[in-house]
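What follows is a pair of complexes built around chain A, which joins chain B in one and chain C in the other.
Right, the complex of A and B next:
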């Protein structure tokens, strides 16, 4: 939006790390901070809700509730006290996937604190993606890999659940390990992929591709236009 | 805007046109707009695609591509002073001495690091330098999927034809050939890493069409495909103990007296301190240029997509290609204002949603190659005036997302497009019930640094992979070929540099190319205060910048 247009807009009062700024209504927290004069090095990534770099906590004046959000996805409101969490200190143990198997023990071995989960659901409330975090931590304890993988799939590892967990669990790293083991060992393999690789390795397509490379532009265009399109 | 009455997430005045879209839906479910012939494509591109605006480009005045047309935003960076002066940098005591230096920790960089390691290079001889956090990249944001011709009704040859047709037959045939032939083994590698591609219960990959494909060969993982692949790569890079420097950018490459690339000058973005990295081989995996906002377009791109790689490569004399053609994704969000320009994945059309105008009528086949589809949307909004105007004056067309639920069954959007559904829900729009408003947005750098099949650039010691390179896609990339591109060529770069490093000998480090570049600028009469690479975009308001004092 043009700057002049922004200036005409109604303003709201926000408090960036405690300091007051007036910013136009309708901006995301991220754009509001830039409007105020901040240039990000930390706490800014994809700007589209996919990377989890802009984890943010805020309170709105007059309300005791502490809220969690992604700065690129949350619209500012009047009286917002904003602070960002650019990095979450978290354990990420080193493992070799080839030597592991999908069993409940794997979590107890690498993330023993998972057994301390008191099912308080604070992690779920903290999740800006609205995932059932506690449910997948519990599923991990039961060794239900499919459930963990499915419930945690949309996790962007912003870190907010880990900062809130009273048992000091890092749910998103547990989920990452679970999904990798599930994808590698539990999901059925695609046979057609292996078959095609064998065909390619045997050189089955080399001649035909070379022929296309050697075809003149006009003929190539004709082949292209005449290729059959697989129906819906 | 604050006084506008909002209903179901939309300003009240849009409800009438939404109703029209609903009224034509039953009829449209049975009919699809016709695919364009090649001549028709050419015609619409010339008239409506932003790339064909003559005033948007100029011939570059210096360097190996002197005389080539480039968008002003790119030319501005190449006709700019390097960030550092050779005399300010002490090259006598390198802080790092490695076999391979990887510049950029997105998909291409991490893939290259892993394959260098698989090819026998010890982890400690690898260094990944990353401007933001490891994995922060366009790779992570890609939603729709990755192409691979691995089904029985498909063949790499058909994939090859699609790649060339999409690129208007301007591709480097060797790179395109490599891309399609290596695709299935990339899928297999990802499977082995644990990437959860959508599969049938017997393991068969779920695949759909993308724009310009003749077979359904788009593999995806919900609509978080990029995120799912990147987090697997990232975990693996960490597990392999590959050294990573985060929040560190590269401000200039280094050369030696034999004019081969020999590492880089690194810059800690937070402490502003420089470091010298000497390397037997260097791989550019810096991604693209979306954050240059070519022709003022909004972008789908990551915060760090500022074209650093092409600037660094150009300073050492590497040749570039096809930078005059920019990819505008046909469907960026046009409403609400908070998410304008963000990606609405092509998978939405792949699953059956049609683009329609304010009267609820189709005006283009839903899955033309991206440049053609984007041109048709621009024509509909600006020549035919059949767009829908937003409260901030932007125009867009409807993408009829509720069709997906009718065609594929209720719950499909929640299952297959959870990121999209969530994105719109955050702003009170339910895309299972109401259409969403879209307009083209700057998406991909089609061209870039010229590479050979082994990913070597025209300068010895310098390799490149991913979006920073040119040739594979020619002047227009198809959907699903960018993850594939960084995977195929990232892998080859890792293997090639592991081999290269065995015999490479680096001499005395220099920044002579910087002096030479300055001289070249002077001789070409370029007088400017611009400096490049820019490292990050500038989004602070002018009213702040105009009062900034640089005193602390």
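Right, the complex of A and C next:
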């Protein structure tokens, strides 16, 4: 009896696509799914909260709220109903950045549906990165691509905002366009990068690269392990 | 200097910058500091006519909540008014309040917004009601007064023949309109206070063609012709407007209108705030005539009248 109690304490009951599993407490959703026997082909990437591949939706029993999370970041809790969204079908027009100008109309031209935003903020509620998604969609609507770039900087393109938008907008692709425009037209060019490119083009590192290319795998591993790591 | 919340809207930040630049500077001259909402979204653009589709009314309500927040954060003191230049923004913000007179709708909207406080950038509280949207024309008429306007005039617009054009969104429907929907006078009164000669424009409350300008330029070209030809025949030298969309259609669609009917001669279209900035003798940068936003350049006319 005591053992059963303890097991109950240490494990939580979760439901993966409707089926019940008991998994140890403290696991992330991703690890819990692997514990339950799932092997990920999609919906899994960096496991560090950066790549946006493991978009997940869940509800906890007894609570009406639909929650969004990254499976590699969120810890399981008792009574979680989990489903993953491995892929979001999304409109992504083709444009040539060289031919675009950072004008107020560029967003409306490529993503005219942003004009349908009713500012319900559902996208913001969906964002596992806690971004102010609706505010950057609104900034895009008035052509303020700098504001879009700054508000969306931490976007990992998991796609959850786009699945929830009642106006069928794909916020993260709009944000990507904004950051590209920002990078091209506003951000100051890094001098040291330009200088380094000149050095590379003048062949300064050719000899060293060739030396590495000619090195065998075992020696290469040794060099790698002994390499100097840049101070923080 | 009285501080009042100011809702810009998308148009006056982009294609109608000449409106806001001139408007903000003349407001300052008249003792009103327009304090831009720290956070705002699209006004909703068009008053949504379906009353049961609540979500479509959220955009203007969210902006009214931001005015409420400005009071709570101490950015303004006990100031429940919010000023706009754009007729469309004014219309949707004003209409939202009428819509929310229905307590059931107010409760439903606020219940929907309730969960937002859990999220980044969400509103912390629902709308309590009572934020009053004002068109800047109302501010000039009711708060400032025409006498005060005349007092600020350094260069009277003497001999300048101006024809006002209102469009529809500041006048109709009656519950929202700032003036008599059939026979408005506020633009005329302001222009007279500036010393201009007001020309009768029988089409001043007609439709400009609105958003047909995007995909049915032919419709708008026809309306632009009609809306310009009568004031021109009456001797007008400049059309004076208060709405960014009317202005775009009356000014930029002259190109298409002149293709349609060759007897239309070009006429500049200016916001009343621009003419006020001229008459107040403000620095030219506040007139908004050098931003490349006018299709028909108003400068030659201003030069001819010794105003530039």
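Here, the second predicted complex is superposed on the first by the 180 of 232 C-alpha atoms of A that agree within 3 Å, B and C clash if a C-alpha of one lies under 4 Å from a C-alpha of the other, contacts with A are read in each partner's own complex, and residues count from 1 in each chain.
Criterion: a residue touches a chain if its C-beta (ideal position, glycine included) is under 8 Å from a C-beta of that chain, and two chains touch if they have at least 3 such contacts.
Only a predicted model underlies this, so the values are computations on that prediction, with no experimental measurement involved.
Visitor: For A:192 in the superposed arrangement: first (chain B), second (chain C), both or neither?
Guide: first
Visitor: Does chain B (first) or chain C (second) touch A:19, or do both, or does neither?
Guide: Touch status of A:19: no partner.
Visitor: With the two complexes superposed on chain A, say which partner A:166 touches: chain B (first), chain C (second), both, or neither.
Guide: A:166 contacts chain C only, not chain B.
Visitor: Looking at chain A, which partner touches more of its residues: chain C or chain B?
Guide: The partner making contact with more of chain A's residues is B.
Visitor: Considering only touches as defined above, state whether A:132 meets chain B (first), chain C (second), both or neither.
Guide: In the superposed model, A:132 contacts chain C only, not chain B.
Visitor: Between chain B (first) and chain C (second), which does A:218 come into contact with in this model arrangement: first, second, both, or neither?
Guide: neither
Visitor: Contact-wise, after the overlay, does A:124 reach chain B, chain C, both or neither (first, second, both, neither)?
Guide: second
Visitor: So in the superposed three-chain picture, is A:143 touching just chain B, just chain C, both, or none of them (first/second/both/neither)?
Guide: Touch partner of A:143: chain C, not chain B.
Visitor: From the superposed pair, tell me which chain A residues show up as contacts to chain B and also as contacts to chain C.
Guide: Shared contact residues on chain A (touching chain B in one complex, chain C in the other): 130.
Visitor: For the complex, give me every residue of chain C touching chain A.
Guide: Contacts found on chain C: 10, 13-15, 39-42, 44-45, 55-56, 58-59, 62, 112, 115-116, 118-122.
Visitor: Quick check on the complex: what are the chain A residues that touch chain B?
Guide: 1, 3, 5-6, 9-10, 25-28, 31, 34-42, 44-51, 53, 73-75, 92, 94-97, 129-130, 149, 153-154, 156-157, 176, 179-184, 187-194, 196-197, 200, 205, 208-209, 212-213, 217, 220-221, 223-225, 227-230, 232
Visitor: Quick check: in the complex, which residue numbers of chain B touch chain A?
Guide: For chain B paired with chain A, touching residues are 1-2, 35, 37-38, 132-133, 135-136, 140-141, 148-153, 155-158, 160-161, 164-165, 169, 173-174, 177, 180-181, 184-185, 187-188, 191-197, 199, 201-205, 209, 214-216, 221-222, 224, 226-228, 231-232, 235-236, 238-239, 241, 247, 269-270, 300, 302-303, 337-339, 342-343, 352, 392, 418-419, 422-423, 426-427, 536, 538-544.
Visitor: In the complex, go through chain A and note every residue touching chain C.
Guide: Those residues of chain A that touch chain C are 65, 104, 115, 117-121, 124-125, 127, 130-132, 134-135, 138, 141-144, 166.
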